[in-house]
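Each of the two complexes below includes chain A, the first together with chain B, the second together with chain C.
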Partner chain A sequence: MFDFYRKRKIYLIFLPALLTVFFFFFLPILQLLRISFYQYTGMGTFNPAFSFAGYAKFFSDPYYIRIILYTIKIALIVTFISLFAGYPVAYTIVKASGLKKIICLLLIIVPLWTNLIVRIYGWYIILGKNGFINILLLRLGVIDQPLPMLFKSFSVIIGLLDVVFPWVLLILISVLEGMDWSMIEAARDLGASRWKSFYEVTFKLSIPGVAVAGLFAFVWAMGEYAVPSLLGATGKRTISIEVGDQILSVLNWPFGASIAFSLLMISFSVLFLSNYLTRLGDQYKQA
Partner chain B sequence: MLGGIKKKKIDWIGIFFGVMTVMVLGFILSPILIIVLVSFNSGDYIVFPLEGLSLRWYRAFIDNYIWRMVFKNSLIVAVPTMLFSTFAGALAALGYMKYRFRGRNAVNLMVMVPFLVPGIIIGISLLMFVHKIGLAGTVTSVVLGHSLWAIPTVFLVVQAALTGYDFSVEDAARDLGAGPIKTFFLITLPCIRTGVFTAMLFSFITSFGEFNIALFLTAPDTMTMPVQIWNSLKYEVNPIIAAVSTVMIVTTVSAIAVGARLIGIQKMSHM
Partner chain C sequence: MIDVELIHLTKIYHEVIAVKNVNIEIRHGEFLFLLGPSGCGKTTTLRIVGGLETPTEGFVKIKGDTVNHLPPEKRDTATVFQNWALFPHKTVFENVAFGLTMRKMKKKLIRDKVHQYLDMIDLSEYGDRYPNQLSGGQKQRVALARALVVEPAVLLLDEPLSALDLKLRQQMRFEIRRLQKELNITTIFVTHDQTEALAMADRIVIMNQGRVEQIGTPHDIYHHPGSTFISDFIGETNFFKGRISAVSEETCHIVLNGGDILQCVLHGEGPPTGEGCVSVRPERIFLHRNVPPGDKNVLQGRILDVTFMGSTVRRHVEFNGGMVNVDQLAGAADDGFRQSETVYMEMDPRDCLLLPD
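So, the complex of A and B:
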């Protein structure tokens, strides 16, 4: 009896956190879903209804399909670059020791926690027409016209890489640190070359973890708003830019809600897949 | 040992990996370093090479009414967010680490889920929600929005700090006759206070620098610093932003330095 009472009381400790999430996350998301079915009646007004018009428009109008494809394309590019460039870095840091390792980890954690708007501003100064890179290249005589680098897909990719790199690196580091390194040593002892033991053992064992890092990078890159809104080209819009505009300037909340909810569903299905892969990876490790 | 005689082969993979490490870490640090550098620029515009060094843009920041207001607004949002999310998140982390119970994974998922959702979706769904409940444009709405991200932050930091903490000392205290409240204040709290303090710092910087949620929830008079930076960047690249940004960078770096000292960099990177 006492035990039962105690167990019920355990849940109280989670109450403040769970109530906040329930009232200010789940309820608003449900309301978002409800509004996404409303009917827009122009000039920022709408009627309660049950219409799929917003979703139908978003997934059939060629204008929006182009936006969806562009967003996916950019997110895929960012995911692949971050994995290919991030893996060697994570590997080096895992292998490093002492002060070197601590400094590397610090250099990842500082950008991770530095506010994103500030970092985007830094890219303005680096990539701008009179920015650091252009002036450097002009002075060196490599170019005689400033390169247009800002407000292009290029600058969006740079900005998104800046967002996802710290996360991808930390996920990859924890994946590599959790690995059974004795197997790699065994491969080396059995005569495998350095490259072969790396590729056949280290790399293949880490594939599920790399996939998880990739899925996270993809979701982050897809949903990011500040980067494409400040670094993007006017003609090339992403899903989140479209959401922001519908809510803030067009004031078509039902349509904005339909797009936002679609984006949320895409993110959730990707994260669901990552959860599945993590479990698959655990089974793989046990086998 | 014949190993020493054998000619050492050049470790190409090692060199390639080393170069990649320098490049990637350099890449993510470059925007931060360049801002700190140009914030001390003495010219009217940001042009390279810099004309000279001065503190004029910091002076301009302090003298400017709007920047002062948004700085104050950021603090007005970040301090309550820090207090509330540390309370809610640290309790949740304690319970999560201490007890094994049915639904433990569900609790973890519930607390963490807002962290995994794009900021713009949290921003707009809360905007619609606070309109409905009459909190639109208030500081409270921004604090609640930021808490959705600050609570998971605290939850992770306190969990990281609690690894290695032996909960059986609490049982020992109870067996020796201490009540639950006495046990908490005399045993649990002293043991976890560095973790909780670090979590406070991180929940503060989570809120202080947050943009996506604040953009949708703030009104002109409750606008926070990142939102004002966003507004300025839309129209002009004013050097004051570099000074403002450097203040935010220094805040973040100090919080990390204290956190690294208190709970260790390894634990911080394993969250």
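So, the complex of A and C:
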């Protein structure tokens, strides 16, 4: 019908994008992968040998294993909080109508237009020793010493939620927005209570979407650099901070690259695992 | 026995009146149709019975008990929705079993019942399939079984056939009516399709702009429509407008705008006066080449056009003051009146129905 699409030349449209991705993303990544196998010879120099030393060190040294586990723990906490807090919010927004809905969506989207660094410094004002929360609690007499909230796991989690939560909300909203609500009516009509019909229909049907949102939150929280570097505790480092330090301060490029690729591998394996799991629960979509 | 009673039912959405003072009684085992154009309040009325909407005023009684305060899950009703609303993540078996599971029945009993109803709709082999592996007609039957399996006092159907193609629709009409009679279940069926209502209903409630226009058997509604709206909505008809004169006990004359006179048999609604509108069905008008003998109504006209409609042939006849459609069985029309021929239209006064204009 559309000869236009059959002509191969249409793919030329993608060429600039493909070239950009190739030269500015794919090639540097490949270069980094190669460096990750090099041998570090001290003082920022390295040998183009082939060694697994960096990977071996990262996955065996207890110091780095602690970093891996800490990063995963923080990412899991952020993922669960954003899903548990996000679902009811998304549900309420989807059920709202007219002006209320538009205002809610704007409240989610507008912060995304603000620069991340600016938002992180905003948390200094809120969480700091002389910050908003401490002053409020002191004035109310709830505490008599300012609570140390900044530069803790707590502030890292708050900062990561700030980054991830709006996106999780948007994903969950789009999932629930596609729900056929007459199925809820059918469930009620057949004798399911309000809660039971929600669980049996809305919730069960939204599980694949929730998995996508959770995955998104997890992978992002695992790799985020700015939040832990500006809000993180000195003693508790995340993988991305370690990568930055190795490359920028220690100048051990091979080891930094090994860690970076390990992070990528951890994220990818979670991605494949969850893809496999949702595929299992998803057979009804095949026909 | 009266199974469902709707008393002074009114529903107002944001100052728009969707349903206005509807009163209907439905007998046990009756197949009742709510028929009307879209926006006439028929679906809202059905949803009020099922508990999916709350009436602004009035009462719903099921088996003598007022159920206004009961949520849908506590009512002895089951609904087949317009898009069937099957659960896509559950198999056919699980879909049908849903209502029984919610009633916390024993597993074995559920299995037996589901199989019994899957048998009834000829889908016993399909229990393990998912809804999107079924055809439209099969989905429709699953939705029906899912509602019937809970053995509700009242079955509610909201335009369940509108998404099917014509052939399947006709087949399902027959099947639903057979099941309804077999199970002797009180049923309310909402549709805008008058042929569906005429073919399936025990009684039809005609609704228009939120109000009940007429309640009657399909035969009554078709042959004795209570208003020009119904006459126009149910089947096809010709309207003749004119002034009423020469009123007697049983008949009256209508002087048409073109000067012709039609005699109508009255049906005892009291002597009509002023302007009137006469409805004559296209199949109740007979064409002749010469003035037919007898004392029936005869109008002279000229055939403007002939339309072949399959089983019938329609002639568009122009007469002094208007246009009339005349239908004849295609076989009978073989001798054929041709275009621009002059004809005499014969109408029995008993087929000329005077309606309030």
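We take it that the second predicted complex is superposed on the first by the 264 of 287 C-alpha atoms of A that agree within 3 Å, B and C clash if a C-alpha of one lies under 4 Å from a C-alpha of the other, contacts with A are read in each partner's own complex, and residues count from 1 in each chain.
In this text, a contact is a pair of C-beta atoms (placed from the backbone, for glycine too) under 8 Å apart; a residue touches a chain by one contact, two chains touch by 3 or more.
Keep in mind the model is a prediction, meaning the values are calculated, not measured.
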*Name the contact category of A:47: first (chain B only), second (chain C only), both, or neither.*
neither
*asked:* With both complexes overlaid on chain A, does A:180 touch chain B (first), chain C (second), both or neither?
replied: second
*Check whether chain B or chain C contacts more residues of chain A in the superposed model.*
B
*Based on the superposed arrangement, let me know which partner A:269 touches: chain B (first), chain C (second), both, or neither?*
neither
*Check the residue A:201 against both partner chains and state whether it touches chain B (first), chain C (second), both, or neither.*
second
*First (chain B), second (chain C), both or neither: which does A:190 touch?*
second
_Quick one: is A:113 in contact with chain B, with chain C, with both, or with neither? Answer first, second, both or neither._
first
*For chain A, which residues belong to both interfaces, chain B and chain C?*
194
*Which of the residues in chain C end up touching chain A in this complex?*
50-52, 71-73, 77-79, 81-83, 85-90, 98-99, 102-103, 130, 132-133, 146-147, 150
*Touching residues on chain B, where the partner in the complex is chain A*: 11, 13, 16-18, 20-21, 23-25, 27-32, 34-35, 38, 46-49, 87-89, 91-92, 94-96, 99, 101, 107, 110-111, 113-114, 116-122, 124-129, 132, 144-145, 147-148, 151, 155, 202, 205, 208-212, 215-216, 226, 229-230, 233-234, 237, 241-242, 245, 248-249, 252-253, 255-256, 260, 265-266, 268-271
_Could you list, by residue number, the parts of chain A that touch chain C in their complex?_
180, 182-183, 185-194, 196-197, 200-201, 204-205, 284-285, 287
_Interface residues, chain A side, partner chain B - complex_ = 7, 10-11, 13-14, 16-18, 20-22, 24-25, 27-29, 31-32, 35, 85-86, 88-89, 91-93, 102, 104-111, 113-126, 128, 130-132, 135-136, 161-162, 165-166, 169-170, 173-174, 194-195, 198, 219-220, 222-226, 229-230, 240, 243-244, 247-248, 253, 256-257, 260, 263-264, 267, 271
